[in-house]
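First the structure, then my questions, so here it is.
Naming follows writing order (A, B, C and D), and every chain is counted from residue 1.
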Amino acid sequence: MSQNNSNNEWSRRAFIKAMGLTGAGGALVLSGCGDTDIINAVDIEVRKELVLPSVDPADFVRPGLEVYYASTCRQCPANCDIHVRTREGRALKIEGNPTSSINSGRLCAMGQAGLQAHYNPDRITKPMIRKGGKLVEVTWAEAETMLKKHLGKKNSKLAWLTGATSGHQAVITKAYLDAAGSKNQFVFDTLPPAVGFAANEKMFGHAVPKLDFEKAKLIVSFGADFLGTWMSPVHFGTQYGKFRNAPRGTLVQIEPKMTLTGSNADRWIAIRPGTEGHLALALASLLATDSKYAGNISADVAASLKDVDIDGVSKATDVSIERIHKLRDMLVSHSPSLILSGNSAEGFEHGSQAANAILLLNMMLGNVGETILPRSKPAFPDLQPQLGGWAEMKAFIDGLADGSFDTAVVYGSNPLYQAPNFMEAEKAFAKAKVRIAFSMYPDETTMASDLVLPVHSYLEEWNTSMPAYPVEDGHLSIQQPVMHPVFGEGSTYGYGNIMLGLVSELDATFKNWESYEAYVLDALATMKPALLNPPKETVTGQTPEEGFQQGILAAGFVTIKEAKASAIAAKAVAVDLPKAAKEDAKYAYHLVPSARMGLYDGRHANLPWLQELPDQLASVVWDSWVEIHPKTATKLGLIIGDVVSITSAAGSLNAKVVVFPGIHEGSVSIPLGQGHTEYGRYAKGVGVNPFKILTPQFDKDTGELATHATKVSVVKVANRGKLVTRAHGDLVLESAATSQKGREIVRTVSSEEFDRNEKEG
Amino acid sequence: MSDYSMKNDIEWAKINEDVLASLESPRKAFWVVLGVCFALVLAGAAAEIYQYNNGLGVALMNNPHYWQTYISNFVFWIGMSHSGTLLSAILLLTHADWRKPIYRFAEAMTFFSILTAAIFPIIHIGRVWDMYWILPYPDQRAIWPNFRSPLLWDAFAITTYATSSALFLYIGMIPDLAICRDKAKGWRKKLYTTLSLGWMGRATEWIAFRRTYVLLACFLVPLAVSVHSIVASDFAMSIMPGWHVTSFPPYFVAGALYSGCAAIITLFVLLRYVFKFEAYMTTEIMDKTARLTFAIAMAWNFLNLSEYASIWYSHDMFEHEMLIDKFTGPYAGVVWSMLFCATVVPFAMAFKKVRHNMWAMFWVSLFIQLGMWLERFQIVSPPLASNHEPWTQSVVWPGLIQLTITAASFGWFTMLFLIFCKVFPSVSMYEVKEMVYHRNKHGQKKLQNIDKIKDDMIKTEEGLS
Amino acid sequence: MRRVKTSWALNFGKLLFLLALGFVLPLGAWADDVSNQEQPFDFPHARHAGKFKINCMYCHSGARRSKVAGIPPVAKCIGCHSNIPSVRETPRIKKLFTYWENKEPIPWRKVHDLPDFVEFNHKRHVQRFIFKDGRSTQQTCGMCHGDVKTFSVGRKVKPLTMGWCLSCHEQFQGDSDIGLPTPAKRWMIPAAATDKPLVEMKHPQPAVMDAEHPATMKASEIKKMSNQLPKALKEKFVRAPHDCWQCHK
Amino acid sequence: MSLSRMLENWSDLNKQDYYEDEPIMWGMSIDLNKCTGCGSCVTACYAENNIPTVGKEKCGSGHSMHWLRIERYWDEPEGEADLDIKESEYPERGAHFAPMMCQQCNHAPCEPVCPVAATYHTPDGLNAQVYNRCIGSRYCGTNCPYKVRYFNFFDFQEDIPHPLEMLLNPDLTVRSKGVMEKCTFCVQRLRSAKDAAADEGVRGHVADGAVQTACQQSCPTEAIVFGNLKDDKSKVSESWQSHNVELDRHEQFNEDERGYRIFEELNVEPSVMYLDRVRNTEA
């Protein structure tokens, strides 16, 4: 890597140093390569090292001095704003953008590991075409010819699947599909709670209402892992920090498997999977006895709450009656509160109904308008985030299977990894006449494609995007390349650039822009009047346009002026929950496929930092495991490390046991993210993929896959295998992994004492 | 003066013959044993090269098991070296003349165990090539080593101890080397000529020799005690539960003498058997050695138990748990075997029958040595396993590399010792002659002759001063 | 008998000799290589810094801003040389323009190559000695780089060993210096004694923008600056860091 | 230090507080009320400090190099209120997380035992680890009560697959096999902050907030506060003061306060203060 900034295109680019950040950087040596050699045993050595000076650098680029670029993190749909530290033309560290309303300078593990996604040794560096059943590397010219042959024409049977998308990326994708005459655009992202969004939409009129954690005195979360993977974990993390300031808010988490959020709860309640809605309904009926709360919902809904059998609910949910009453008392005494519904409550056939029941509590308690706030109407609906869901994935696969699509294009999504066995995605995908993948890595879907186009990482390309959970309405994040493409100019291209090329083939209006960069910057420039506080020129001699451009790139995001949000018109919906499911003798255990901060839904399995980040609760690294409650383990005669076979009606897999106290006795949990059959050296062949054994059950209202509804059997197949629990070894003294052994490592005090002390202090 | 069952009428010439016979061309068995030892050394060298190339991780040490058998072996071999000094120097100063037939090989053992021990820091250390930084010497960096570190004291102690014990061994051997010189032919002649430094057996030489020898002995005794105290302070100066024990220095010294005496017994039996030294290494001497060993064993046991007691009554949470883990945890097997070998077995030496049975003593001494090796292991590993921080507590057993190198150290030691036995007289001829003389003095034989020599010596001394 | 003793002495002598050799030979291997490095082409420092008296920091502009002094970008060479037609056709300049036209960096060989675990911060030294103490640029740079204005190709003339660095850092570190501002006497006062501009500007100088450049900074200003410091810090002002982590981390 | 220098200042070597006059003493405070155990800090530390990932095998053999780890316990220490969960078979009060990194002890057990003085105390209160001086005796590691020193048992960074090596931070050394390493409080950042301050003409004073450690910077809940303990106005020293935690104590006598230091009874004077985890007993 030389610090060779000779490329004219490069030097013309308006890279703007982020303002407000200082920090003297420095290199050990002059070399543009930086110097990262292994330390040397010899004291004084004379090495003939090369020093490559720049040819014609931008005036703020100096060897030894770091430059921060503002950009956007694309590691999950939360799209945090980031600052990337670069030196001598290399990105070195990703940090949160302190001015961002989303993450206010903070960044999670997944965001930090974006560097490894960018510098991943398994990135595809050359286009590939399937020849004789095998993918072979070809030149871009050849790939382009093939691309134009298949996509340079109108084709109504073209199906286009992307991961969560937003901003101008979404716009240009849509523009192309419109030009190509196809209506088959699908968006699939595993974790955004599509069922919850639908319920929110129905009740509050906003799919993603604004949540005020800080104001809430009590948060009752039904399986929403807002500190781990739910919507915007970093933002909720910052909110949580404030929520825990004195006077300290109380968090109650109700879920079958303890999530990261659950492990921080003041009271964690293990509940039988699929009965969260029932518990919420029972709470609602207890509240409904007070007209103060019943009055907040329509009379017929309130009337329907009368005949809830608390005893029955207690039995079905495994939550004691005292606990239910205690919860009700807490809801009454802590106002305003905030009731959240998350993936583990919604992943059932009656998921929407459960979400309705949970959100109903918010309405009854009067939280709507207090901690649940409205959104404004978006000024540019095309830029809004599209998060998609399993229903779209299913439509995509079904369409391929029944032949309604002949060309499949996949970008930023990996359906062949995520689709459960029963969807038979491989078969359906193979049916398509042409399969094209825009991809950075050799993942499952890419390796099954006919044409593979290597694309830029998010640190190499221009883009704009909108966060899945915007903190302020109209937040549009800007993404700019922070360095040369890692593998050199001309090896990979931006998705936007390729799309611009494709769409200009079909729609001449797009010929105005020579590159996607120009397109994005132009689009932003035209948006200037619609922006809140657009930046002005900062340096004398700048034109207003230059000043604006510099300003927005330095800020990393713009805020679109939007009409003030009107108050929420909450509409209670009657809840129709099924009777608790009966026991199944063959498949006695609920399977909880748990997402964790780290590997997320499997997209980060190729990042060694995240593979080596121990699971926050089970402390396992580089592996898959099954979490089983100690009592259940005793019943089944299992100890940590034993290999069990987990079988559902749709398939079976083997994994090692972790005896884990934070899981409902009738459930077993397998983390998501592992079990890749492709995806590079770090991910391939590691662990198992619980997506595969999910059974075909769908939410009745939205058609989303009921991810948590699968029931499984657990059979021991082998004795203790090598399971690396805790990051530092698997040879553990009996009690050491769990117990402080009476040593004061983590002390605990009550929140009363805390509040009293903080007040004094 | 007691008799030690040694025949009174051994001719001085016979002594020379008997001892020099041990230097004659080795038998086949010698080559076989030497070959096995050499193979072990080669295996160890291969293991070390593998470890050097790949990193210490291949030896299965980890966090928190930063130290393991390399350190316990180091302590073991340093401990082993104490017996030679004890027998030669302390017994010399206390005029216990039963030491005379056995001190030479004990001293050789001392020196070779130091050589063996000195290898372990080199194997143990992460960057061997920079190891000389531990020595204070002026260099271009203008920095010094850390004088507060017990490891630095170790470096000083070991080099001093190795030098002085080598000198002690060598100087004590000079009169014997002269005897060898007079009898030898070929390359041996050259070697002995060089090494005997022109010893002619003149009275002045004897006077200078005696003075030097006693002076060195005086110097060595406190040195030996301090060396193992310093090795003990490697542990005692740390704050690890189970290491941070005030009684460690005497405990280590006692343990060192204990294992060293056991090693002497082992070699005693072997040499006596192989070289047919029954005339010199008599059962009476074995009896004395065994009694001494038994006494040291009791001292060691006392210190061991008092260590447990002081931990138990300290009411320190960390120490308590470490002690409980030691006896019940994953390393309990090691601790209990150690207690069996080093606490129970030595009681066999309370019986005269055992003390007088060479092969019984052989096995007892082997058990004691095994026990003492395990003792060193249980000093190093279990405290690291149950350290302060529960999250890092884990169990690691030494892997193949460590065991190979451990075995190689025994091979290395034996190899050196075998070569020594064939090159140098393993029984001190002149001191045995002295013993015979002393006994013959009672028999009034050759008395005048000797007295005349004595007179000459006195005269010469006066003349010199 | 005599012969035997000689033999022993001889052997001992041999041993000593071998030991000594063992120490000396590696030292020879570590000895510093101060020979010229094979460079893409010979840059005439003598002409630039000597004859034309171009300030070192004009080209090595990183020295006052960054840890790294930096090799000037090719554009900087071209910036002047495109306006100097007289030497345009010389082989070296032709080669320079070839690099420029191909937009290639010039593959210079590093002359002052410290081990990778050593960090030398140019900025701190330049700020301290040139801007605060008002020493001349060539004198300051010369402390470590030698009298570059007499060189053609740069070469390593100082040992740049740790002990050599410490020879300065020790002199100006200790508590023993506090209260008796020897370093201040030694380094600050001679410069501050005169109220004239500190750099003689006989030849046209490249514009150095920094306000606190010695050319524009007078002794009174330096004094004023040091007076602004809090008292506790002023005493330490002249202290050279004496801490391993300063340079190794 | 040259010999003459050392002899001249012999008395200084034995002075009680050699660094008394130093303007900076770095310290940290970690609020376990806010720490969620998410692990951002762990990854941030990997990214900032060139920490190698070692793979499954070597994690299993205990060779992982995380300078900052998060310990997760399920039980309360002795003598703490059990917060009403004894009867439950579930950990109803959640987990106990403790981010554990080098505590930069002021009576550090690791320092006196290093034979070559590769680890020593810096004037600003850090336990420095000088990699190029380290000979790998590992004595410091065994003597560390927190077990936060990590030894390069292998040459982890020998062949990093291209282009992963490009993300290595050039500000600090990439360690090879045979040397000990540990958390440095991001000394490269502290160094540049101090240099920046010196450029301003104020030697030795770094404004509060001018420098953040990588873990502090990434923490979403702002559980980590870092700064100069000698600056009374800094956030961290305000936190220490308000919780009545004093540096040179092995027992704090602050019964009502939340501040404590792990293993301070060993009298190692750690520079990291932890604040009690909090749970609502009413919930």
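Some observations on this one:
Going forward, contacts are C-beta pairs under 8 Å (C-beta built on N, C-alpha and C of every residue); 3 or more make two chains touch, one makes a residue touch a chain.
What you see is a predicted model, and the numbers here were worked out from it, not measured in a lab.
Any chain touching chain A that also touches chain D appears here: B, C.
Chain centres here are C-alpha means, and the one lying farthest from chain A is B.
When chain centres are taken as C-alpha averages, the shortest distance to the whole-protein C-alpha average belongs to D. The geometric centre of chain B is 43 Å away from that of chain D, both derived from CA atoms.
Mean C-alpha position of chain A lies 51 Å from that of chain C. A separation of 66 Å divides the Cα centre of chain A from that of chain B. Rounded to whole angstrom, the centroid-to-centroid distance between chain C and chain D, based on C-alpha atoms, equals 35 Å. Across the assembly, chain A contributes 24-28, 35-41, 43-44, 728-729, 731, 739-740, 742-743, 745 as residues in contact with two or more other chains. Contacts with at least two other chains are made by residues 62-63, 127, 130, 140-143, 388-392, 394, 396 of chain B. Within chain D, contacts with two or more other chains are made by residues 1-2, 61-62, 64, 69, 71, 73, 120, 131-133, 155, 171, 173-174, 179, 195, 199, 263. With chains as nodes and touching pairs as edges, the resulting graph is complete, every pair of chains being joined.
Residues 30, 32-33, 37, 61-62, 65-75, 99-100, 103-110, 113-119, 121, 123, 160-162 of chain C are the ones that touch chain A when the two sit in their complex.
The part of chain A that touches chain C in the complex is made up of residues 2-4, 6-8, 24-32, 35-40, 42-57, 62-65. Within the complex formed with chain D, the residues of chain A that make contact are 1, 22-28, 34-41, 87-88, 90-96, 103, 105-109, 111-113, 115-116, 118-121, 227-228, 233-234, 237-238, 240-241, 244, 248, 250, 252, 258, 260-270, 330, 486-487, 597-598, 608-614, 616-617, 619, 621-623, 629-631, 661-662, 665, 681, 686, 722, 724, 727-731, 738-740, 742-754, 757, 761.
Of all the residues in chain B, the ones that touch chain C in their complex are 139-143, 193-194, 197-198, 200.
Interface residues of chain D, counted against chain A in their complex, comprise 32-34, 36-40, 42-44, 46-48, 50, 53-56, 59-62, 64, 66, 69-81, 83, 89-98, 131-132, 155, 157-158, 161-171, 173-176, 179, 189, 192-193, 195-196, 199, 214, 217-223, 242-243, 256-258, 260, 262-263, 274, 276-283.
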